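Both complexes below contain subunit A, partnered by subunit B and then by subunit C.
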Partner chain A sequence: MTSQLKLTRRGFLAGTAAVGALSLAGPSFAASKTLNILSHRVHQTSLGEGDADAMKDWKAANDAELNWTTFDSNPLMDRLFREASLSSTDFSVGYMVDNRPTSEIAKLFEPLGPWLEKDGIEEFDDIAPGLVQGMTVDGNLIGIPVRTATQALFYNEARLEEVGISAPPTTIEELVEQARKVTESGKATGMILASDLAVFPVMFARAYGGDFINKDFELLPNKEAMEKGLTTLADMFKDGSLPKSYATTKNDDQVTWMQQGRAAFTVLPFARAAQLNNAEQSKYPGKIKAIGFPGSKDSTVPMASVVEAWAMVIPANAKDKELAWSFIKEVSSKKNTLVMALNGNGPARVSTFGEAELTAKNPLAAVEAEVLAQARGAFPPFPEAARAQALFLEEVQLAVLGRKTPAEAVAAIESRVAPLLPS
Partner chain B sequence: MRNKRLLNLLKTIAVLAIVVWSLFPIFFIVVSSFKAGHDIFAVPTKWFFEPTVQHYQKLVSAWPVFFSSLWNSTVITAGATALAVIASTTAGYVYSRYNSRLLNASIVYLIGVRLIPPIVVTLPLFPIVNWLGINDTHFVLIVLYATFFVSLGTVLMRTFIDQIPRELDEAAAIDGASRMTILRKVIVPLATPGIIAVAVFVIVFAWNEFLFAFIFTSTNAKTAPLVVSEMIGSIDGVDWGVLFAASTVQLLPVLLFVVFMNRYLVAGLTAGATKG
Partner chain C sequence: MAELGDTMKARTLWGVIPLLAPVQLLLLSVIIIPSIYVIWLSFHVSSFGQSATFVGWDNYIRVITDPAFHSALINTVIIVVVAVHLELLVALGVALLFNSGLKFRRLLLVAVLAPYAVSEVIAVAMWRFLFDMDVGPVTQALQALGLPILEWGYDPMHAMIMIALLTIWMHLPFTFIILYAARLALPSDLYEAARIDGATAWQSFRRITIPLMGPAILVALLFRYIFAFRLFSEVWLMTQGGPARSTEVVAVYLYQEAFSYNAFGTAAATAWIMVIVSLLLASGYIYLLRRQVNANAK
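== the complex of A and B ==
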C-alpha cells in the first residue's frame, strides 16, 4: 500500500476550487435579447454565418442574438416535445418534422393562424399548400414550413455507361432491368437501399399506384400494388441487384456505396446530390445524377415521391412569442428562402425553384420542383406511427429476404397495423 | 511439454484475438482521420496512403463548437471526479472504520441504486432540474456524474481503507489527531492508489457519457459526445473524415490518461481480491 504519487491536501483543495470557479464561468451576450432556438444544425447553417449571415439585419433591428441549440433529428424531436411539455421553456422557436404533429403534440404548440392574421408572412400562398396542410392539425396551423427533402432516384452515370446504358430508366420495370444489367456485369451492385426506413418500400408500392397509409388513414389502399412493390424488391434481392447485406444496410451505407461506385442506383433526397458528387468524398464527382423515381408502365396513378418537410413552431409555453414570430417571418421571407436554398436547403416556397440564381447553381432545382408537385409524406402522423412503421418494416424485410411471400407479408401488415390506426 | 506449448499457443492466439477485436475500431478511426475522404471506405481497403490533415482543418473551421464542448467536458469531468473522490473517500472511511446495522443495510442500498438503469431516473429528473434552474449548467452534470459513481467508489474505497491497519489510526489518535486529521494525514496518503482508481472510473465515465448530457444540457454545458453525435447527422449526411478526426481528438486525452494510470485501474479492479 505504498505509492510514489503524492496527493497533498493543499493541492487537492486547490484543484477542486479551481474546477468550481471554472464551472461558474458562463457566456455573456452583447445584445439585449436572446432568442433560443431548438433545431438541427442544417437549419442553422443554411442561414449562413459571419458576413453571409442572412439574419444579420434582423438581429440589428431587433437588438437580438440567436442562440441555436442543435441536435440530430430524433433527439431534436424528443427534446422539443419535452421542453414544450414543461410549465415554461427558454426555447421560443423549434423546428419540427412533419411526420410528428399528432393532435396531442399539436396542443403543445402555439396556433399560428392568429399571428398570421395579425402580422402576415410575405406571400404566404407561395409556400407549398401541401406542406402547410401537413402542419395544420385539428384546424390549427402550428408550423410554418421551411425545408423540404424530396426523394429522388440517384444513378451513377459512369456505371451505367460501362454496361452500355445511355439513359436512366423512365419506368420501374426499366429500373429493375438496368439494375440487373449492372449487377450481372460484376462491376457494381444494381441498387442500394436502407432496410430500416419505410420510405423505400412505400416508394416501390407507389410506383405501382399503391401506398402504405394514405392521408385519410386508409391502410394499404391498393394491396395488389403493395404486393407488386414487395415482389419487385424481393426479386431484386434474389438476383443480387440488392446487396446480400440488405437487412443491415443503413442510410449512410447508401451514400458511401454510391460515392465508391459500389452501387449504380439509390433513393435519397435531392439535397444529397452535393454530398454524392463532392470531389473530396466521392470517386465519381459529377457523375451521380438524379431524376424522379419512375412509376410502373402499367400504373395509371402519377408517381408520388416521398417528401419530408420541416416547419418552425413556437412552443405554447415559450417566453418571447413576439420575437419568435418576428424570427419566423424573417426566415420565411422570399429573400431568405432563396438564401437558404442556395446553401442547400430544399425550399418550401414554390417560386424559389424558379429563381435564376438557384437554377444556375443547382441544375436539379427544376426536376425537384416537378417531383415535389406530386410528392407527399411517407404516411400521416398518428400516435402509434413509430410502432406501425416498425411492424411494416418487419414484414417488408421478411418478404424481401424470401422468408414470406409478398402476399403473406401484405396480409400480415394489414392485420398487425390496422389496430394501431386512429379510430 | 508439447501440451503446454499448445496451451501457450492457444492462449497467445486468444489474447491476440481479444486485442485485435478491441483495438481495431480505434485503429480504424484514428487511421481514417488521416485518409482522404474518398479513401476512407475504399474497397479494397487502402492500407498505404498519403496522410492528410484536411479533416482536422475542417473540424476546426466547421465545428468550432466541438472545441468549446471539449472544454465543457474537461470542466465537468474534473468537477465530477473531485466530488466523487471526496464523497467516496469519506464514505469509504466511515464504512471501513464504523460498524452498525444501519451502515451494513445502507451499503446494500448503495449497490442496489447502482443497478437501476440511468434512464429510469433521468426523465423524471428533467422537470425538477428545470424547476431548480440548473439545466444546461456544468453544475448539474458534475453532481449527476458524481452521484452515479459514489456508490461504486464508496465500496471500492472501503476495500482499500480496510487494508490500512487500524493501529495507524489508533496511534494518530493517541497523538491527539481528530477523525478528520486521521483521514487527511493517515488514510488519504495511504489510500492514494484507491483514490486514483476511483478517479479513473469517474473520468472515463464522465468524459464519454451521453444520456445525462443529452437530457440536461443545451448550449452552455454541451459536452463533446453530444457534438460528435450531431456529426452523425441524418439530414445532411455524415462527413466521415471530420467525424473520425473529432473522435480521435476526443479519444486521445482519456486514452493517454487510462494508459498512464493503467496500474491503478488494475489495482482498483482487484482491490480486496487477496483479503483474508
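== the complex of A and C ==
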C-alpha cells in the first residue's frame, strides 16, 4: 500500500483561503492599539520587562501594545526631529533631551499645557520645577520630565587605599593631588574623562566658579575660572593623571577603565554606580563609590554639577495623541517614577529620592538628591548649541594637549562661540 | 515598407519600455531625484522646525571659506593619495607573490581576503584595542622591541598614519582580487618568449606585466579613489576626527553639518563640493595613467 500526497488546484485554493482567514483572525488575539515610541534603550529598560513590566496594567486597561524603537542619544534626536517634520508620523511619543528644545524645535511638538489642564498628572508639582522650566519654550510646556542624569565623581576606594588615601577629596585641589598620587604609584591612571562631551570641562570650570554658557546666554561669565579649569586639566594631562589617549577617550571607555581598575577617578552620572560595581563586569565590585564633584577651596560659588534631563514629548503630527498622553501620565506617576528609579533611572520627582525603598536599595540616592538641588544643564538650548559645543571641545582639547595655552584657548572660545549665540 | 518598419520599431519600443521601466524608476527615485533635491537644498538654509530659505551661493561660500573644511579636505587628499597608492603597491606585490606559486596558497588567500569579511565597526574596535596606547598588544610588542609606538590618540600625524594603515588593511582585498585576477589572465607564452629573448625578471615585469595589467590597475585605482574619497567609518570610529579635529575628513565634516548641527543647506553644499573634487582628483590621475597605458601599448 502506498500513500501519495496529491495537491489539487481545489485543495491548494482552499488551503490558501484557510491560511488567509487565520492570518486575518490573528490580530484579534493581540491588542487593538499600538503605541509607537522613539527613545533610548535605557528609557525602555527602566520601565521593566516581562513579568516586571511596570506598564502591564496600563496595557491591559488600554488594550494597547508598546512598540519601542531605540537609538543612541544623537541619532535618537535626529530621528525624532525628522519624524516630527513629516506631514504625519506613526510615533506618538518621543524622548527628548533638555538641551535640544529651541523655539524652532518646540514648534514641532504638541503643547502639553492644555492636556495637563484637561487630564492632570498625579502631583505634577512634585516634578522638579527646574526640569519643567527646561521643557517650557516660549511659554509652552512641550515635554514631561522623566529622567535625570546628574554627574558624580566616582572613585575607586581600593586604589586610593593602596596609596594611603583614606577619604575621597573634598576640594578640586585635593582631587588633583590624589589623582597625581595614584598615577605616581604606577598602579593606575589618576583619572579618566571622555573628551567628546562638554560636561567635563564645564564641571572643572564650575569648580572654580565659572561656566561655559549660563542660562542667560552669557558666554564665559568668569573667564579666569574657565582658564583655571583648563589649566588644571592640562596639568593633569602633563603629569599623566589623565591618560595619553585623553583626546580619543569615549564615554564607554570611562566605564571599562573604572571597572578594570585602570583609573582611580572619573565623572559619570550617579545611575552608573550599579554598572561600575556589577560583580560580573567589574574587578572592583562594591569598591567604586560616588560623591558630588568637589569645588575649589577658593571658590565662593557653590559647586553646580551638570545634570542632563530627558522628557517625554508628543510630535504635533502624531496620530494617536490621546493614547500618547495616557502613556505619559502613567509613566510619570509616583509609582512608576519609583519603579524606574529602582531600575537605575535618575528620578524627575523630588519626593522619589526620599522613598524608603529607594534609599534602602541605593545608598547614593540621598547624595544624588543633594547634588541635584544645585545642578544645572551644561549649557542652555539654542539653535547653534551643537556647533558651539564642538568648537568649545576643540579648544579645550588643544589646551589640554598643550598645543595652546589655556588663556589662548579661552580667548578662542570667546571669539568663535560668540557669533553663534542667540542675539 | 518603411512605414511598416517604423510601426514595428514603435511597437518594439513600447514593448520594451515596461521591461526597462523598473530599473529606470529605481535610478530616478534613488539617484536622480535625491541628487536634484540635494542641489536645491544646497542653495537654501534649512534645519528642523524652520522652512527652507533661498540663500543663493552662500552655503558654498561658507563651506569653502571655513578653515575646518580646508583642513578636512587636505586630510582627505593626503589619506586618499597615500593610502590608495600604498594599497595598490602592496596589492600588486601580493598578487605577484601568489602568482609565483606559494605554498598553502588557498589558506593564504583566505587570510588576505579576510578583512573584507569583517564588519567595519568590529575591525575598528579590534584595531583600537590592538593599538591602545597603554595596554594594546601591538603597542606592548613594539615597546618590548624598543621601537617607537603609534601615539594615535595624541599626535595628529600618528593618528593619520593609523587611519591610513587601517584603510589599507580594510580595502586591500578589493584591490588585490582585481589585480590577482588580471595577473592570472596574462598568457604564460609571453613570459616564455621574453625568457627566450633573454629578458630579465625586472624587464618582464616592466615590459609585459605592467602594460598588460594597466587596464586592471586603472579600474582598481578608479574605484579606490571614489571609495577612499568618501572615507568615513574608519575616521569616525577610530578618532571621531580628533584630536582637536586634526584628523577630520570631508565625509566627517559633512556628517557633522547634517546630523550634529542639522545644517542641511551647508551639508548639501559640502556633498556637491565632495563630488566635484573627487571627480577632479580621479579624472586627472586617470587621464595621465591612460595616456601612459596607451603609449606603452603602441
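Throughout what follows, the second predicted complex is superposed on the first by the 394 of 423 C-alpha atoms of A that agree within 3 Å, B and C clash if a C-alpha of one lies under 4 Å from a C-alpha of the other, contacts with A are read in each partner's own complex, and residues count from 1 in each chain.
Basically, contacts are C-beta pairs under 8 Å (C-beta built on N, C-alpha and C of every residue); 3 or more make two chains touch, one makes a residue touch a chain.
Owing to the predicted nature of the structure, the values given are computational and were not obtained by experimental measurement.
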Is A:L86 contacted by the first partner subunit B, the second partner subunit C, both or neither? first
Taking the superposition as given, does A:F71 touch the first partner, subunit B, the second, subunit C, both, or neither? first
Name the contact category of A:A149: first (subunit B only), second (subunit C only), both, or neither. first
Between subunit B (first) and subunit C (second), which does A:K223 come into contact with in this model arrangement: first, second, both, or neither? neither
Could you tell me if A:R272 is touching subunit B, subunit C, both of them or neither one (first, second, both, neither)? first
Partner contacting more residues of subunit A (subunit B vs subunit C): B
Regarding the shared-chain residue A:G344, is it in contact with subunit B (first), subunit C (second), both, or neither? first
Would you tell me the residues on subunit A in contact with subunit B in one complex that are also in contact with subunit C in the other? 74-75, 82, 262
Along subunit B, where are the residues that touch subunit A in the complex? 36-38, 41-43, 54, 75-76, 78-79, 82, 86, 126-127, 130, 137-139, 142, 160, 163-164, 184, 188-193, 195-196, 214, 218-220, 222, 226, 229-230, 232-241
In the complex, the residues of subunit C that touch subunit A are 47-50, 132-135, 151-154, 159, 238-240, 242-245, 256, 259-263
What does subunit A use to touch subunit C in their complex? 74-75, 78, 81-82, 84-85, 102-108, 189, 195-196, 243-250, 262, 383-384, 386-387, 390, 394-395, 397-398, 401, 403
Inside the complex, what are the residues of subunit A that reach subunit B? 1-3, 5-7, 9, 12, 15-16, 19-20, 22-23, 26-27, 36, 38, 40-42, 67-75, 79, 82, 86, 90, 149, 251-252, 255-256, 259-260, 262, 271-272, 275, 278, 280-283, 344
